[in-house]
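Presented sequentially are two complexes of subunit A, the first with subunit B as partner and the second with subunit C.
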Partner chain A sequence: MSKNFQLERETSSLSSFPNSKSFFSKLKSWLLPYAFLSPTLVVVTLFFFIPLVMVFILSFTNLDMTNFGILKWWQPANWTLDNYVKIFTNRFFPRILNNTLMYVSMTLIFFNVGMALVIALITTNINRRVGFAFRLIWLMCRLTPVVVYIMMWKALAGPAPMGVLNKHILGPLGIGGGEFLLNTNPWVFVILANGFIGASFGMIIFSSAIEAIPKDYMIASKVDGASTWQTIRYITIPMIKWPLLFVTTYQTLSLLTSFEQILLLTNGGPGLYETEVWSLTAYHRAFSSYFGNTQWGYGSAWAVILVIIGIIMAIIYLRVFKFNELIQEPKIDQL
Partner chain B sequence: MVLNKFRLNFKSILVYLALLTFSMPIFLAFLWLIITTFSTRTEGLESLGWTLSNWSFLWKSPFGPKFQSIWFVTLNTFLLATVMTTIVVFVSSMSAYALSRMKFAGRKGFLSATLILHAFPSVTLLIPIYFVLRWITKIPIIGQGFPLIGGFGFNTIGGVALVMVAFQLPFGIWIMKGFFDNISWDMERSALIDGASRFQVWWKILMPNIKPGIAALSIFAFISGWNAYIIPFTFTVGRAGKSTVLSVYLQNFMSESVMTEWNMVAAVGLFQLIPVLIFFFFTQEALLNIYGGGAKGGA
Partner chain C sequence: MKTSKSLLSIILIVILVMSFTAMALAQDLDIIPIKVRCRAKPPMENWRGLNFLVAEKDLNADLEAMGDPRRVKVEVIQDNLDWGDYITEFVLGYGAGESPDIWLTGHEYIGTQAEAGRIIALDGIIEEFPIYNLVFDTLWDCTKYKGKIWGVPQDAEARPLYWNKTLLKKLGWSDGEIAALPGKIEKGEFTLYDMLETAKQAVDKGVVEPGNGFWTRPKNGPDFTPFYYAFGGETIDSATGKLVFDKTAGLKYYGFFYDAAQKYGSMGCLGLDWSSAWHPGVTSKVLFWVGGTWQWAEWAEKFLKDLGGEAYMWENFGFGLIPAAEKGGKPNSLTHPLAYLVSSQCKYPDLAVALIAKVTNYGPNTRHAITSTHLGILKGQTEYKFYKQSRLLSEALYMLDYTTFLPNNPYWGTYSTITYEALAACVSGDFTPEKAVDFVVEGLNRELGDKIIIK
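Up next, the complex of A and B:
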């Protein structure tokens, strides 16, 4: 407290004219942060805010390919709750919800946070060059064009003579009958394919955060006779709490809205809605219905619910991780 | 002592073994990819006949002479990724500076809102973004008559780049804020006392000091621009549109009426991957430093 006070006094005594600011210079310094933020505000308004309002409105209409340009979707007279009723009475609604929960939680726990943390911990504790090479290898999944990446997973999962896993690993071990693994275990591959991309994000953030921890802490714990596990549990993990919050939150939201990989890998199959997740449903309804009729209004309704779920999740995370305490006020404001 | 040393080695061997096991699918997958691009057919990792014909797209267009050559598409992709990266770095570092260094109403709200922005699924915002881009197209010069990138409207490289910038911003702002937070403010304070404006401080003092951050963000933004698929695919039309970027160009192989030549798709995919890998080789160090913040997010 007293230290802060002293600091403030120091700051104000350093500036030559703290109290003689004119109205305009006060106005200027009040507006300055917003000037710095203005490019972001413009882009966000154009491509997030306006589209969000429009999606929200569209979700109350039955806009589709057949009445596009005819339906006056901006008129309240055309708004109904039909789309939402349709979603909640959908026979597959529980299944899609269940799929989404399973997909997000499994991929997040095992890969985007779990595997990312394991790889980061291992690669920061072994030979620097080797650790580096492994991190690059994991990053390759993210770098590969998604179409080719999914092609590779299909090749791994392929049926007996063609599939890599069946021919070289499962076959010699005598496991399974050489079926197409995507048909027998679709979920394993959905989670693996997404997880290997997702893990690289957390891996990079965690490993650079771990390397940023002052070495003194590690040495001190070694001197005190802590085991590797104790060092990780009591020093490393608490020190990277902030990146853990960021990655968990960011990746939950990423997973909730990601669908490209599943679209290309199983397209929601192999059974009826077996691997169909929420965002994929939104995409299917909005862009590729079975009858070639794209129901933009209905798809928007699915998306709106997803946005709401995402926002609620984000707020819960921010509360759990005590976001407000982590964000401190900036020290210098004005001079 | 000897036993202890042995145990240490045994432990580290176990660790390496675990790492190798976890990474196995990646090795297998990329090995398969490389073998496939040089084969007529494969069975697992076994080639049933070696060939170079999958790489013929490098010297002649696989869809006839009317289509753009792969090199033109590559150049286009490069342009899109560069434009997008430049905008992302500038816009997010400006915002991150304000969020890290200034006190203003709505700071906390803005910071959490940035994270929440990421919750908006790009899929379904695509329909309304189409309307917005069409509207920008109508603005003179900015909309369409821009040299090189064509403008910022519908069916232009600038327009596609701008939409992708929007989806990159939450990530960019958070990462850059971490780097700004880490710089001590003494340097900045002395510049301010000497009469520099906040803008000068940002550009001349802080930006040169967060070069690792800029490098890291640039690399990530560049990669997502280079691999962009859904957004360029949606917001470009016609034959010119089909050759905007490499990922969309890949799609040409699958939408033709003839059977898809998967081996050639793999070759084009590998071709798209190679520049990124080379680029990576030279920027390794920057990648390690993507996260600049310490245990806490404030400063």
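Up next, the complex of A and C:
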């Protein structure tokens, strides 16, 4: 009887609680979440949304070095589709698109997701400290400043007798003539240099996801006689589907827009547009030219198309990985 | 005691009066900061900017002597930024209202900057400094745009064809034949295709590796234009000031580079990194290459110092004009003078021009010419005691008689990018010469519209 009374009293006090709130406290509780969000909103608006809108507008103008400060680029009268026509009629457009697709897919499949998953699986199935140390070492390439990192790759690929690979591996084995390997095999180095950094991101995400899988599943599978491959295929991979989606999507978008390693390593060469990817073209058009004829409008158009490609890729990934199902509340919680 | 107190008071009063006088005098002086921005390869080209620090004292002494309360305070910013980034920096800096007062750049940028109103015409100011009369008239022509002078020439150079004497000897050339080569080129007896034939022989006999018979610079730049001129090409229409592309000359020009790469074992140079591959390449394993006189100092200082520097180079390298395209034709070279421009944001252009006048003199310009192996810009400079001591400058001087220039046109950058892309495609084998010309015509029409004349 006394217990019921106490419960009734607590229930009645809870139900009367909202009524006791003043208007200002209601306003405060309504505004509080927005106050917490506001720094992010300001930063995103200032440094992402407004530049994006500006780049979008610039892509319809012919703003360049010759008319900077003169052209009123914000006036619709100066907007045309010329830049987009120029891109799609550019004779090197297919090559740049092909380079981009190859660079993104190869780096993603073999390194950013593939190798990351392999490293994560191995390092979570060996001695915990050794695995941790290995992951830490692998992270070094991400922690190294890009310029230093690329200089190391250039030293590796250098011509004989300075190049490390030529001097210590290829030379003694009698392979090649000691050429500058960045000239003879530029794509190998572009993908390796990017892939080694890229793999470290997925490695961390996947490792933590694998570590979070309850051990009971693994033990149960072993009791049932599952092989290592079967455990990975039927337990680990399905259980880390969400991190897989995240890493694949994030790294695709990241690779599509990343160009700094390629810029420093080959600058799109050695031949004509040989390793030139989409984002590097946008950079070259907008910011880099021997005679300084930088074309900001034209470069913006390349960048806008890249943003559209990125959005389409993200939507495709979300569909393929059934994002809606992934974010649904677990069925056990719905009961 | 009283006397010492009075003495102390007098000393204090004197100090006070002197301090106030000094402060008053100091307040009367108007310190004008002048920012000078130069692109210079250290250490060879450091005098481009450092000369202004010497000139600052000189100009301030002049100002003091004539009772002008203004004093300049020079700030020099110089580094070896890529040209494209260097130009972008100026344009964006100007947009932010922070452009340098004096800006050193290639003369071909004058058209763009003048059109945009970022630099001022110097007519009417330079006449007050007769020292400018010493500058060669042809160099003034480079800084003219739409009939006005927009810059003061800073240096000049020649872009010779270099060759490796040791490799020519390996090929069977005698010392006499090698010594006679510059003369044969000058007379039009040794043509561009003769050079390619020699390069091919060197490749066939294993004297050089395939691709190393003949090299140009590894990236877009001015060095390709004299070859286009050699085949009869023109870049600017003197009547309208518009850029010109000549299809007939273009076909021969692209044919030459296509042949060089595909048939004559040459042009294995495009895309190479300057310091790690190109410079080490030309200074050791390439038979013929096109470079600049300023690179002579760079090779001696940076790449061949251990082997003996300039002495080694005189022993092993030779140079001459860029050969004619046909027997009996005229060889050429290209001069790309840099010029000091004055920003329209400069508040005291008279002081900026006065400072430039101080560095446009035998002493300062020769310092730069000798250390960087650039050619002098002043009449009578070859007679100047210190200038004469540079053997390279003396021996390369005749090239100015054959020199050509880039056009001063705002759209030269676009023109150069398109024509270079076609050249690179010929070298890689992606384009035939005919396809290259089509690509250039299509690209120039698309990008420049009525600003280009296709002949």
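Here is the rule we use: the second predicted complex is superposed on the first by the 290 of 335 C-alpha atoms of A that agree within 3 Å, B and C clash if a C-alpha of one lies under 4 Å from a C-alpha of the other, contacts with A are read in each partner's own complex, and residues count from 1 in each chain.
To be clear about the criterion, a residue touches a chain if its C-beta (ideal position, glycine included) is under 8 Å from a C-beta of that chain, and two chains touch if they have at least 3 such contacts.
These numbers come from a predicted model, not from an experiment.
Visitor: Identify which of subunit B and subunit C touches the larger number of residues of subunit A.
Guide: B
Visitor: Just subunit B (first), just subunit C (second), both, or neither: which does A:I50 touch?
Guide: first
Visitor: Between subunit B (first) and subunit C (second), which does A:F23 come into contact with in this model arrangement: first, second, both, or neither?
Guide: A:F23 sits against neither subunit B nor subunit C.
Visitor: Of the partners subunit B and subunit C, which touch A:L306 in the superposed model: first, second, both, neither?
Guide: The answer is first: A:L306 touches subunit B but not subunit C.
Visitor: Identify the partner contact of A:P270: answer first if only subunit B is touched, second if only subunit C is, both if each is, neither if none is.
Guide: Only subunit C is touched by A:P270; subunit B is not.
Visitor: In the overlaid three-chain picture, which partner chain does A:F88 touch, first (subunit B) or second (subunit C), both, or neither?
Guide: Touch partners of A:F88: none, neither subunit B nor subunit C.
Visitor: Taking the superposition as given, does A:L192 touch the first partner, subunit B, the second, subunit C, both, or neither?
Guide: Touch partner of A:L192: subunit B, not subunit C.
Visitor: Counting contacts the way the document defines them, which residues of subunit A are shared by the two interfaces, the one with subunit B and the one with subunit C?
Guide: 287
Visitor: Mind pulling up the subunit C residues that touch subunit A in the complex?
Guide: 82-88, 91-92, 94-95, 108-109, 112, 115-118, 209, 219-221, 270-273, 276-277, 410-414, 416-417, 421, 424-425, 427-428, 430, 439, 442, 446-447
Visitor: Show which residues of subunit A lie in contact with subunit B when the two form their complex.
Guide: 11, 14-15, 30, 32-34, 36-37, 39-40, 43-44, 46-48, 50-52, 54-55, 58, 115, 118-119, 122-123, 125-126, 130, 132, 134-148, 151-153, 155-156, 161-168, 192, 196, 204-209, 211-212, 238-243, 246, 249-250, 253-254, 256-257, 259-260, 279, 282-283, 286-287, 296, 299-300, 302-303, 306-307, 310-311, 313-315, 318, 323-324, 326-333, 335
Visitor: Applying the document's contact rule, which stretches of subunit B touch subunit A when the two form their complex?
Guide: Per the stated touch rule, the residues are 12, 15-16, 18-19, 22-23, 25-30, 32-33, 36, 42-46, 90-92, 94-95, 97-104, 107-108, 110-112, 115-125, 127-129, 131-132, 136, 162-163, 165-167, 169-171, 173-174, 185, 188-189, 192-193, 198, 202, 223, 227, 229-230, 246-247, 250-251, 262, 265-266, 268-270, 272-273, 276-277, 280, 284, 287-299.
Visitor: Give the list of subunit A residues in touch with subunit C in this complex.
Guide: Those in contact with subunit C are residues 65-70, 86, 89, 91-92, 154, 158-159, 177, 180, 183, 266, 269-272, 274, 287-295.
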